[in-house]
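Which chain is which? They are A, B and C, in the order written, and residues in each are numbered from 1.
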Amino acid sequence: MSPQYQLVGSTFDTGLYAEVQQFYSRQMRMLDDGVVDGWAESFTEDGVFSANAHPEPAVGRAAITAGARQAHAALTEQGIQRRHWLGMLDVEPQPDGTINARSYALILSTPRGGTAQVQLSCVCEDVLVRADGRLLVRERRVTRDDLLEQ
Amino acid sequence: MSPQYQLVGSTFDTGLYAEVQQFYSRQMRMLDDGVVDGWAESFTEDGVFSANAHPEPAVGRAAITAGARQAHAALTEQGIQRRHWLGMLDVEPQPDGTINARSYALILSTPRGGTAQVQLSCVCEDVLVRADGRLLVRERRVTRDDLLEQ
Amino acid sequence: MSPQYQLVGSTFDTGLYAEVQQFYSRQMRMLDDGVVDGWAESFTEDGVFSANAHPEPAVGRAAITAGARQAHAALTEQGIQRRHWLGMLDVEPQPDGTINARSYALILSTPRGGTAQVQLSCVCEDVLVRADGRLLVRERRVTRDDLLEQ
């Protein structure tokens, strides 16, 4: 049975679990506040961002940054504040030193003067690595629930 | 005053707190992905699942499994991806070695090709036990906010 | 660059992170269940609660309590169960011993017999202090996304 379908075993690392939570909080806060350069630095230089909503993955920090910048500019023009919530985090250190981190993701949108709405429900599956003591995303795969095929 | 209405005291166990978070992440991922047998194994053999939405509790792993399997089959037929989010977790180890874990629960639904929606807001109150090093649910009580009586 | 836009550094405190999560769980549970006195005791006697939805901050525990009591009475009269979800927590201990805690906040409402809805998306920025071993809120600033100015 694949690892995400096993209950917690004996290798659980408390400190890492909380650190990944804090990492995501800061990473998403930067994205949502339009601090795109800072956000991009949370990916490795050769990071890969793939999604079932995109035909091709974005490869490399520059491509990932460009996509995020464009998306944020469009939201700003529409007067929309977006918030990425990650939750239901599952952290699993790998023998090669990388870290598999799976979570549920909600994207909420609030138009200026309007009502907050859940826009998307997704699963986010990351491969994290540590560089100079810090966590970075080497691979991210986002699967939107509305685009799942049965 | 009952324990859930007291601020954090000196007995707080950091490691346990994160472990319960990870336990719930995997447990709910199994339920939402239809890995019902795996999900059922997160309850004790004599586990009890009660809810203010059900006239009687489900008693024992077999009954709990049957309910979950039926619910998942119905969602699959309707092309709905459901997600259980637990948050606002409160973990309180008991003198007898059991663990009280209270959380808020949101159930979100996304129809294939449609829009994600919050379907239910609940409170989830568990009694967890440890067996062979792993956490298991011995009792779960789910209270839907829409069915609360004043 | 301001601290919330930096990735996690070497000063991260695992135990504190989980403790703040548990603190918020209990604090919000008290508010949502109308245990207003208990909730008010999670603020310092001279605590300050400010919000971009309010022209003036509430200063002191008595003023904070009065506001919460009024809000809860109105919801009870309308038969609405409210839930405060904090997530995406970022905890940053300060050199002076205080703790900066930033989080996203969702407020959900469920009318008796009705459907749960996300009502507000906010950012919550707290200064926490420790007194007699317990965390307390000395300053809280809540920023509603729908009232953000560009």
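Methods note: a contact is a pair of C-beta atoms (placed from the backbone, for glycine too) under 8 Å apart; a residue touches a chain by one contact, two chains touch by 3 or more.
As the structure is a computational prediction, the values presented were derived from the model and not from experiment.
In this structure subunit A contacts its sequence twin subunit B using mostly different residue numbers, the overlap staying below half. Copies subunit A and subunit C of the same sequence differ in orientation by 120 degrees, per CA superposition (steps of 5). With centres set at the average Cα position, the gap from subunit A to subunit B is 24 Å.
Within subunit C, residues 14, 18, 87, 118 each touch two or more of the remaining chains. Residue ranges of subunit C in contact with subunit A, taken from their complex: 1, 4-10, 12, 14, 17-18, 87-91, 102-104, 106, 118-121, 145-148, 150.
For subunit C in complex with subunit B, the touching residues are 14-15, 18-19, 21-30, 33, 35, 38, 41-42, 76, 79, 81, 83-87, 108, 110-118, 133-135.
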